[in-house]
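Labels run A, B, C and D following the written order; every chain starts at residue 1.
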Amino acid sequence: MNQALLYNVVIPAVKAVVAVLVVATVAGILTLIERRVLARLQVRQGPNRVGWNGVLQWVADVVKLIFKEDVVPADAERGIHFLAPLLVMMPALTVFAFIPWGPETTWNIPGLGVIRTGLYGTDVNVGLLLLVAITSIGVYGIILGGWASNSKYALMGGLRSGAQLISYEVPMGFALVAAILMSRSLSLVGIVEAQRDAGLWFIFPGVIAFFLYFVSGVAETNRIPFDLPEAESELVAGFHTEYSGFRWAVFFLSEYANMITISAVATTLFFGGWLRPFPNVGWLSFLDIIPPLVWFVLKVSAFLFVYIWFRGTFPRYRFDQLMALGWKVLIPISIANVVLVALAALWGLPGLRVLSAVLWVALVAGFLVVRKAEPQRRTVLAAGVGR
Amino acid sequence: MTDETKPPTPPPPAGDTTPPAEKPAAEAAKPTAPAPAKPAAPAAPPKPKGPTANDASSDPVVQRLAAALPGAVLAAKELVGQVTVEAPPEKVPEVLRYLKDVEAFTYLVDLTAVDWKARAPRFDVVYWLHSFAKGETRIRVRAGVADGAACPSVAGVFLTANWMEREVWDLFGIPFSGHPDLRRILTWDGFAGHPLRKDFPVEGVDTGAAIYPDHYPDGGGPSVKDPLKKVVS
Amino acid sequence: MSLLDRILLFDIFTGLKITGRHWWRKKDTVPYPEARREPSDRFRGMFKLDEERCIKCTLCAIECPINIIFIDWHNEKNPEGKAEKVLDRFDLDLKRCMFCGLCEDACPTNPKSIWLKTKSYELGAYERNEALYLDIVKLTQWDVQQGITIPPAPGEPVAAKEEKKP
Amino acid sequence: MSEERAGTAGSVPDSGEPMLGLREMELNFGPQHPSTHGVLRLVLKVDGERIVSARPDIGYLHRGTEKLFETETYPMVIPHTDRLDYVAAATNNHAYCLAVEKLLGLEVPKKAQYIRVLLDELQRISSHLLWLATAAIDLGAITPFFYTFREREVILDLFEDYCGARLTLNCMRIGGLLEELPPGWLERARAFAETFDKNVDEYEDLLTENRIWRQRTIGIGILTAEQCIEWGVTGPPLRGAGFKWDIRRAIPYECYAELDFEIPTYPNADTYDRYLVRVAELRQSRRIVLQCCDWLLKNPEGEIRGKTPRVIKPVAGDVYASVEAPKGELGFYLVSNGGNKPYRLRVRPPSFINLQALPEMAKGHLVADLVAIIGTIDIVLGEVDR
């Protein structure tokens, strides 16, 4: 086959189709996993009827949603109401073009010969920038969906979402800047390779950046404790109150796809992407038996688990508190962190190592102090009423 | 029961100005009235076994109230330690204001009405006050209100009376003059009748709703009385 | 909470620890139709009537707070020539029942003629009016119809229970 | 409330609502809304998300219970009282029985008193657990719900073993109780109470110090003690405003005077302090349960029912009896004309009266806080609407 055609059309097309299918399916399965994990955290059963132990529950859900009546409110802006879920879904899937699931590998496919290609859609040299740009589009879908529903709850959800997503883009951006400074690359593949070359996952020098990124990521994906746009106890269902059937499912799936994106990006930037732990420590090389893709998936799964764990643990912020957290806490910290990381990066790799050591020693020491000085935090003493 | 388990903590100060609730009140009433029948009445030849009502006009609060507001106390009576003052309805806000400001009955426990279908003033509106400051005392004020006549609202004295009066208006149809927002509260606007009046049928009235028409009458209400049923409870 | 606690997100981690710890705990719920909870001995469930023991006093119907028990009877000469009350109808409108158990309290016979302590709680039905309006046959026979054994009436001697079993 | 009060004078019903301003939006909150705890409807006027005024609209669950009371004989009323505050049926039964016993001059045997108090306190624990569960869910924390329900389930099982029902207990009778405690019950109740403290610690670890929970509740829905008394608000909201008043201590009934327990109060009158009060009450109720169990284990003999006449016909007269229900002061005002049915039986529903203060508490807060405030009042619509 024509090499140009193969590399420019066929392989990208195959990758795109696979990515979309896999991500959409995984997002569906993730709903089931979330329910099972939550159930476990909440000492109950969880869905266990469809299929063996409920493994087909997500299929049943999807089938139900597809065949459900698609209700459009009477005075809704029909066109936009129709378009909004797509506007949310599209960027959620598009970003998977840049996320590297594995390194460049060689495939020996009979009939085509040896193909050398990466386990990623494409390696854009401004990948991170593009990623941020594309994910920001999703907010339009949410705002428009909320507005077009002609419902006050949906409108409030949409507005909350707009403010929230725009606010949390900023600390997230700064957290990314820290990663860029450490890796000196905007390409996601480049960042992973930088971590391999440095022999250091960026979580070590970039723990603050990672924390900021993950918190903002949770906020970006509208998850507890930042799930204000759809806070069910306040806004019924927020921006998708008036959606039903498959369009609602599209909103739902894109939320889960966004979760995967955030986890994947966090993995790439801070946890060495597809690399095994301590990529340049020789005696750990037996870990290479596990293929890079599996490492990547494992790391992403861990993040997804943390997402669900958060959901099972925390109450929800109030809207003004959320904004205060974003603007008054996260953004100043993120700017300071950029300065800190920039100074360390100026010194090069030794700087990053020193930064890691300082940060982690401080963290561990802090936790030890907190543990030792753990005060009684319960009503018994606070109230002055003894047992 | 209650009398038995009464803690020894707040002993009624002898000759105190306040009759503390329950038993202390009964004791305060003792000098003039025969003691209220103790729970286990030793000899109970008359048919209505149990406590008997006593005159409570000698109760200090009642006496001071009668002195402060002439004509406000029509009668005062005590039953199981609970003092009831009969007052004319037009005096009720005054009485409550006096009790609240002077006698420190700051908490309006409850406000309700009783429909005495055949009696001359058809309704009793009952107020039930509590004093934290003076030894957990309670006192009840009762005012007879004729059917159709308005009762002056006490929502200006106690904020909490607002909904209670709305409820009485809704369920008994006693209008409260001077109430800031006298609308129905439990039934809906436009509901016909006042359900807690004795002449309102228990089965309900036709409200235009039709649920399960084969088992329930048109217009709602409980299920059709069984025509074959001999036993009438 | 000290400043250090706040910076190190102590509260956040405590919460995560609590929920995380539950990952290993035994589940509290049971997958219902396969695993069931046994109701307690005093559980007030489905009604059961013993027609022979019933003396047709209608106390249960009188005591019922919502009047859902309908009883009719007439006198009949039994073979010995004594007058005996015979039930014409003993209906119970189960769909309105609130399982307060006052009918059982009121029943003067010992053991009780009508009782709710049958440990039977699966009263769901597809036809509201047919399944939940119990006549005398259903009241006395439902356990046989469904092919289940129910515990004896309260006050019934244990011997009777053993007698029933075979 | 002030503009409503200032709105109209006279008895002519008037909506009293001023015209909508340019900035305000009217928002219907309920009756079908995930966090209105049943069928409460609030008509909100919001400026953005800030509440300008809230107007509760109740009655969706009105069943005419007070009318029904008048058609039933005294014992037959008890199952109906279960359905007022259906998550705390034992205290409802208790308050009603107290009222009738007062008018009858009946004495309840000591053992029955202890069992009643034991049931009451278990019921208080279960009601507060349910409150904690739903209040946490209202603020987005879904997991405490399952942990509290695990303990609540144990209590419900105890109830089921005792009286055969889990929610609508119908467990008390005029003059005492219907049944003896089943064998082994006290030991089980004791075992539950002994371990319960650890479970409360768990809920507290999840919520008390959690920064989100604190931010969401501290300073929200303030109702000072003076306001509480003016609005007739009792129960945890009053004690959360620093006012130490609990009917169990103020006007003791049954054997509460003999029991050792504290009345927790907190000074700040906000949602957080009401939360703390309820959690502290969980611990206090646990203490009472332990004491009752010990007493009953020591004194297994005794009557459980006083000398109740077969046909209950109290003297003509009126009487009011109240208990400290989990939600506040629950009172029954009983008017008897000497017949075998109550002539009039009025319930003083704590939920109804506490709910009245909602507009006062909600004013100026955000919609999200409204959810916290509805949660903190702890209403049960069965009791509000009766």
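Following the convention adopted for this analysis, contacts are C-beta pairs under 8 Å (C-beta built on N, C-alpha and C of every residue); 3 or more make two chains touch, one makes a residue touch a chain.
In this text, all values refer to a predicted model and were calculated from it rather than measured experimentally.
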Most distant chain from chain D, judged by the mean position of its C-alpha atoms: A
Between the pairs C-D and A-D, the one where more C-beta pairs touch: A-D
Where chain C and chain D are represented by their mean Cα positions, the distance between them in whole Å: 28
Chain A-chain D separation of Cα centroids, rounded to whole Å: 43
Euclidean distance of C-alpha centroids - chain A vs chain B, Å: 63
Averaged-CA centre spacing for the pair chain C and chain A, given as whole angstrom: 51
Chain A, residues touching no fewer than two other chains: 41-44, 312-314, 377
Multi-partner residues of chain B (at least 2 other chains): none
Touching two or more other chains - residues of chain D: 143, 146-147, 150, 205-206, 209-210
Parts of chain C lying in touch with chain A, wherever the complex brings them together: 1-2, 4-5, 7-8, 10, 12, 15-16, 18-20, 22-23, 25-31
Residues of chain A touching chain C in the complex: 40-45, 48, 309-310, 312-314, 363, 366-367, 369-370, 373, 375, 377
In the complex with chain C, residue positions of chain D that touch it: 72, 75-80, 82-83, 143, 146-147, 149-150, 153, 157, 160-165, 168, 170, 178-179, 182, 202, 205-206, 209-211
Touching residues on chain D, where the partner in the complex is chain A: 25, 27, 33-35, 49, 136-143, 145-147, 150, 197, 200-201, 204-210, 212-213, 215-216, 262, 264-266, 276, 279-280, 283-284, 287, 366-371
Contact footprint of chain B on chain D as seen in their complex: 1, 4-16, 58-59, 62, 64, 66-68, 70-71, 98, 101-108, 113, 229-233, 243, 245, 250-258, 309, 313-320, 322, 329, 331, 333, 335, 338, 343-344, 346, 348, 352-353, 356, 385-386
